[in-house]
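What follows is a pair of complexes built around chain A, which joins chain B in one and chain C in the other.
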Partner chain A sequence: MTSPNITSTDSMRHVVIPVAAVLAVLGIALSSSGYVVTLIGFAAIYGVFCTGLNFFMGYTGQASFGQNAFAALGGYGSAILTANYYWDPVLALLVSMVLSGVIAAAVGYPTLRLRGHYLAMATFALGLITYEISIEWNSLTQGYMGLSGIPPLGIGKYELVSEKHQLVVLTLVMLVGVWVSVRLRDSRFGRALRAIAGSEAAANALGINVARYKLAAFVVAAVYASVAGSLFAHFVGFISPEVFGASMVILSFTMLYLGGVGTTWGPIIGALIVSLLPEVLRGLKEMQDVVYSVVLIAILIFAPRGLSGLSVLFPRKQTGQTKQAEKNA
Partner chain B sequence: MIDLTQILQSLVNGVGVGLIYGLVGIGFCVIYNASGIVNFAQGVFVMLGGMVCHTLLTRLGVPLVVAAILSVPVVAGIGMIIEICVVRPMWNRGAALFAIILATIATQIMIERITILTLGDQPRTFGEFTAGGPLKIANIAISYQLFWILGCGALMVLLLFLFFTKTKAGRALRACSQNREAAALLGIPVHHMLLLSFALSAGLGAVAGILVTPTQYTAFNVGTPFGVNGFIAAIIGGFGSAGGALAGGVLLGVAQAAAIVVFGAGFKNVAALSMLLVVLLMFPQGIFSAFKSGGKGH
Partner chain C sequence: MTVLSVKDVTVRFGGLVANDAISFDVSEGMLAAVIGPNGAGKTTLFNVISGAMAPTSGTVRFNGEVITGLPQYEVSQKGLVRTYQLVQLFKDLSVRANIMTGFHRVTKGGVLAALLRPRWFKEQEARIAARTEELLDFVGLRAVADMEADKLPYGQQRLLEVARALAAEPRLLLLDEPAAGLNMQETAALADVIQRVNSQGVAVVLVEHDMQLVMQIAQKIVVIDFGRKIAEGDPAQIKAHPEVIAAYLGGTEGLDD
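Now for the complex of A and B:
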């Protein structure tokens, strides 16, 4: 872990350039056809999801293989409240967020006491059981059929009917999400989390309540996942259990590891690249999940730090110290 | 009102499927003991066992016995490929625990998708090993397949016991589980042991899959439930102990069967997962640890 130095060149590199890049991608998307707009929209949604996941995995050093549970919660919450009860989408999104946070706190309290593979299996089971419930609870979720007729995002009478308008909102939500995660990371709370990632025992000795901070990070990640689920429901207008199944876990981890775990913009870059893959690999329609799995395994083996680990390839001014630090990291 | 026959019947069914969970659980333990790795793709071996056996039966038309016997080495080979292509490179690079777990989950999804693409997504089954039955004892039906499961399960445990106590390779595996570095210093090829443990564990999963398919069905997606339930069985038994995993599996199978009778079929997995959480939180060393005096420390 390298500690962030706040200097003007750093803020240039960490804020201005990435935001400009995001806006450039948005601009390209807005001036191109519908399909690209959809793909970039998915990228933004997954960007939100992965930013949350990154918070829990990258900064806190924990692992959850069941974040899809909270995306499903958000997605189904928004879908049911808006399509069946005609709630305002924004209100439905906020209520789903709160619901996911509360459930994450209740489920996480016992679960996060576990470590290692026990934690991994418990969180994995969380995703499985949510998937199962979304299939079995027919009267609410319509099982495999899925829910359709979900209205697009909007406030009151103003609905974002066009996909391009929605994309602008999705991008803004994503940028706000990244901003919030950065603010949280650099706060007292975030420093405590990074201390836990470094060493739980040491963090404990410093007076950090490890269990409580872990739970808080888990709730934050769940809220992000829930927002992503809600956005997905409104963007596509249809959800089914498969959307939030185990392949979502693989997809999101591929994005996270490709971009680089524990970096600010890594999840966004990963989400963008992986979302554009189907366009590049059109011939591989049925092989998609296989390709994602292979890519993920390859990254895990050969470049566990993701693309950000390859940043040494890009020429940029470096002091000897930072080079040394990167070598040591 | 639930009558006695129904309860006993569900107990019998529970023992059958529980033994399968136990075999999967032992598979988890074998790899874990050799390497400290938990292979989340364990369930995939159960699926492959059933699918490969079915494919050999229908496409090549070989008799069931031959198909069953041929499937086990095929699946064991797939297990070895996973070890060589996925686990070993990460192991050599000293990858984080979570990264290895994630890689095995990715492997599972990959194999499931490949199975859909090559063999199709339709559920399938094949006949019981012995025709006829079920055996009726006072209205309780016991299918002959249950005896096959019992017999083969016992045989597997016996063979494993002999393997771990009598053969050189088995004893080397046990040495690895106690202290890998010391084992390496004594000249045990630890890497080969990891490969061996994957083959063994995949073979066990395949046997479980072949045994269980006649009683239900197999499809590309049966791996995950078997994997999760096998893991729960292993945890109930105290991770690492083969006998404990088998007993834990039976306990889990019976509890699931009871939950189906009392609450309905939809609650099968809820029962299993609640059991997982209860055991994890209250008996992290497994529920049989209380009966052991000292117990071997891990």
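Now for the complex of A and C:
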């Protein structure tokens, strides 16, 4: 994708095949029972979340253990605005998005001066603080009880009452999310982010304002997380602090690294597999967790760049130039 | 006209004086070199000039403007672009993508432009792509353009770093030990590139150990030892300078070998 001349085989590999796969999964889900629909719906929501996280952790190469905070903001924002104040879900989602972006900018400005472990710890604290707030601010969030009665997605009078309708919308939102991420990646903005991941010293030397671009990546990731949170609230109709707890961080990290951090479709592949794997293994009863762990470890050993990295196994048509180059090297 | 003016730059690390009141000028289009034995304070001086480090006292002017104390990215944005002693490439990106990243300074557009892609954005991307191909040819890396930067042999990595810096269209290019670790052929290829860059009107300052390279291409040489400037002049003057000979070789041999 770095090549300016995108050949037809490239667009096959990067667009046509993955989108076809997503639609195939959607098709399978739509012709299955309600439970599969729910699972694939969760996978799509996590796909949105991880695509955003990938901006910060993949392209920009920074660690954030606190992106669940913004999913909580989106989820509670949508829940409160639609269930208590009868806002339109789309409007509530957009307002929560903006709010999350603004808060991410305000929180990120001081936090992103930290690096490495310190940044990871500070962002982790951000998630914990948000969790505590969602428990303690009873009048707004109803604490551990959670908020229920959240209407499904819809515009005006049109509500997506059936889960399958919602799944179609979730999948579309996810695909738009991926499309946006590709557009942002293949631009001056995206190149600046990848420069920071590659070498902050070099980025500086090329005139890239490292602090500003890190903050921008953090805000983008927060906006994606917020959308994921809002979608979750509408899809399930109920949220509680636990939904956006530390387990969300662990789950999303697993998805990101399993699928391939820093790749376009890796977060989506990871989200799908990590969502489905426990269900596939359910028949194994008490061995379930063991096999789950073994599968994860095996994938990380044999595909250290994530499952999307395995696409190199499929032969790519080489130009004479690259072959020559490899010989010279 | 003077592009770079270093005036009384002093850097102290606690009791250690790494740079002691160093002053020199570089005129427009000049190819200058800073040399000195290991630990003389060359890299510290370089870090001060490029904005990576603030001096204890003294000023650095670029195009007449004081740049001391500015963050490094702002110094770079003004057109003073540096490379590093240890190559700082974007390892996972292709050679071509590395160069494309270099255009940051001379292009514009953020998130919104990337999302909406107005016509100027597409034209800019097309210009970047075309210029990238030119630069690939300029440093002779076209054949390896699609390879990951990390997989290049060291000499080509150096050339790539120079090409990426050139993408930023510098007015002054600072090269920190560009020939370190290169064999003779690679050094020759690099010297050729540096001279061609300079002949296009870009001023170049290099810090270098490779005496042969410096004597061959530099028009002006600044010699520092123990943090002090001990000599300044053209290659012939430097070769004959007694203090330089003493600093480098203990005063027993000439610099020609």
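As a working rule, the second predicted complex is superposed on the first by the 281 of 329 C-alpha atoms of A that agree within 3 Å, B and C clash if a C-alpha of one lies under 4 Å from a C-alpha of the other, contacts with A are read in each partner's own complex, and residues count from 1 in each chain.
In the analysis below, a contact is a pair of C-beta atoms (placed from the backbone, for glycine too) under 8 Å apart; a residue touches a chain by one contact, two chains touch by 3 or more.
On a predicted model such as this, the values are computed, not experimentally measured, just so you know.
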First, second, both or neither for A:L140, with chain B first and chain C second = neither
Name the contact category of A:L206: first (chain B only), second (chain C only), both, or neither.
-> second
Which partner does A:L172 contact after superposing on A: first (chain B), second (chain C), both, neither?
-> neither
So, A:L23: does it touch chain B (first), chain C (second), both, or neither?
-> neither
Identify the partner contact of A:V102: answer first if only chain B is touched, second if only chain C is, both if each is, neither if none is.
-> neither
Scan A:S293 for contacts with chain B and chain C and give back first, second, both or neither.
-> first
Figure out whether A:L91 sits in contact with chain B (first) or chain C (second), or with both, or with neither.
-> neither
Touching A:V161, do we find chain B (first), chain C (second), both, or neither?
-> neither
For chain B, which residues are in contact with chain A within the complex?
-> 38, 40, 86, 89-90, 93, 95-103, 105-107, 109-110, 113-114, 117, 224, 228, 231, 235, 266, 269-270, 273, 276-277, 280-281, 284
In the complex formed with chain B, which residues of chain A make contact?
-> 57, 63, 65, 110-111, 113-114, 116-118, 120-122, 124-125, 128-129, 132, 136, 246-247, 249-250, 253, 257, 286-287, 289-290, 292-294, 296-297, 300-302, 304
Going by the contact rule at the top, pick out the chain C residues touching chain A in the complex.
-> 50, 52, 71-74, 76-77, 81-84, 88-94, 96-97, 100-105, 107-111, 113-115, 117, 121, 124-126, 129, 132, 142-147, 151-153, 161, 164-165, 168
Going by the contact rule at the top, pick out the chain A residues touching chain C in the complex.
-> 2-4, 180, 183-184, 186-192, 194-195, 197-199, 201-210, 216, 220, 262, 319, 321-322, 324-326, 328-329
